[in-house]
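Below is one structure, written out as structure tokens; comments come after it.
Chain nomenclature is as follows: A, B and C, assigned in order of appearance, with residue numbering initiated at 1 for each chain independently.
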């Protein structure tokens, strides 16, 4: 879990993912020689803060977003949201501006947001939840499990992946914007017909802790039914514990695949979490294991 | 009207259009030898559940969506919407899951939706309005006239079309997603500068039954005025009865043409219906005839 | 200011920009021989009502939208909006239909909009604010400073631009739709990695008249932080007065760059205005000068 803890400590609120990109790139370059297949690595200014790994001859692409929700300073101690964070009063926030490190509290006064830092903070400074990782024998609890666990799952998948794209995207929490050029590159370099979204979903009345990885039949958007059926059939063959999700809200990198100019089937597969978009996101370790096992099974069989 | 009745009996809620695709493809392959010009037919996994027909040297593309609104089962007898169906209590719904056919009623309890089927239904099962087609000498009334009539119009157009694309799209009722790759294919294979959306619109205070096909000056989105003017001028020349629509809500496949990376002019032309998105959609037969005649006139003249 | 006054007199509500396109094209063809570098001019049906100017070897593209907000007639003296105009009762509107010129007042009756013209107006007729340009030694006030000033800035930039795209876009006020094909053309003809949005923003509690051009760290959408930092560093070097904006609402042509399939960094840089989307938009002349100076500095240095 050392790797997971490291991932959880890095700030990368949407639009400001460069630290996470550097950490990941360094990690990939160090580790990839131990992987079963050596991927081709695509990164740099033509990919902004994204990274693409191409293993063998891809039939499927896996996407994991590396950004998180957070806040930005406006004028007069005001804060505005990046993505959709929960807005509980007194949540601890951290960041850094031209005058140095910042640690302050979120003040939610009738829906207007402020910080309580004793000095003015530079306009447009990013703040994120102060991190507090808690792991016991059943659960992990921390800020930003969404989507550090999805990134972690993608990195575990790399270890023995033979054919496939593993892609680290940005901006997912704030409307997107990297998926269109990532998909264009993939489809022109080594096209695929299928995509899996490695991300974290919600515990609800129908999806619970400890019941395995969730396969999402739909969220706000609806993947093509024939592909959903194919995935469920493979999931049943796999022997890995899973549960089926049916929601009418929420979105993911899958949304941008749906609306892309390519006929790519997509589906969201990920462990469910409680306390979504708070500093206390909570995931059952069993569900995370099932997520990792499910991806390991699906990629060779798709 | 046998063909229209057949079309109305097939379920194809957004995301699950494969039955409709199969029916249409079979029909096209059977009939196309009787058409004035033999089209080239594009279908299969590269087009998901869409079908494209290329006649001669296209200058214009006609789009008709083959999906419909409907419902999906969630957890504990809950239903969620696909697209925007009307939610009247006790509407009859039908579908099928792993245990067999389903016929049940929609229960709308303070905006929460349920079914009353006596057993649990598989998660993520599609349900649609039970069909009840009623035709007299003036009107047709049924579920899903939107957009079976648009599909029917497109098929009638095929009979003597010389140059043009006729395209059957999916997902229109639920945000879209097939138009981007259909447009990309068209623009790379045999590009066009003009598009007509063969779909059904609303009876309003300004658009009535029996007053001809509606030409939409705008809905939520606004086609380019110079193209609207060109269409209206041709419509006047045609001698076919038409009425002009001006709305600030609603959308169609035209939306995705507007936002595509191609400079394609588009306009929505279709008969108006009452009781939109209910099992009792109602269209005047005269307006449907005008729609068919208008497309027959426009395609050669555009 | 003669040029600016001329620009302010031309009607070009979104979807109906052809008059503005003709005026601009004529102006460009007349003036471009006096510019430092002769641009290549792209226009015509493949670009709808947009115009692109390519100077030298572009590294950066500048976008200025030529459309404005306005109104359209519906049925029975009703009006509906194009874009998001302010809806003050008794605002003077003008336009023209098949029967001749129109001058009337907007009547806002409990949020329902009507005109008071003594005769019926053709369905789907565009109306815009009657123009009233007021200039003193400190301020300019008129309808449609948004975005005639952005267009004016772009034209001033052309005078000594060596390398870069200057692009006049349409439909920005009503959801967009020209940017996707403009970006596609640019990226296939002479690609860039950077874009500036030449548009007008809002006076707020943090952005005031006379404090220089606003550089927007974000609006509803968030440009990449590493690019924002690069722009701010250059702005500081420039010596031109500027202020930093941080908003969580509003959008621009930058939105469509963000969601395009190209990794292009973008930022919004423009003078702030008061009385947004009314006939009385007001901008400090000093801020307009700073906008012009800032673009003159940035283009060669980016």
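Simple rule for what comes next: contacts are C-beta pairs under 8 Å (C-beta built on N, C-alpha and C of every residue); 3 or more make two chains touch, one makes a residue touch a chain.
The structure displayed is predicted, hence computed values, not measured ones.
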{"item": "Rotation angle superposing chain A onto its copy chain B by C-alpha atoms, nearest 5 degrees", "value": "120"}
{"item": "Copies chain A and chain C touch via same or different residues, half shared test", "value": "different"}
{"item": "Inter-centroid spacing, chain C versus chain A (mean Cα positions, whole Å)", "value": "36"}
{"item": "Numbers and ranges of chain C residues touching at least 2 other chains", "value": "260-261"}
{"item": "Contact footprint of chain A on chain C as seen in their complex", "value": "193, 204-206, 217-218, 221-226, 228, 244, 246-248, 258-263, 265"}
{"item": "Contacting residues of chain C [partner chain B, same complex]", "value": "14-16, 18, 45-49, 72-76, 80-82, 123-124, 126, 171, 174-178, 180-181, 183-184, 260-261"}
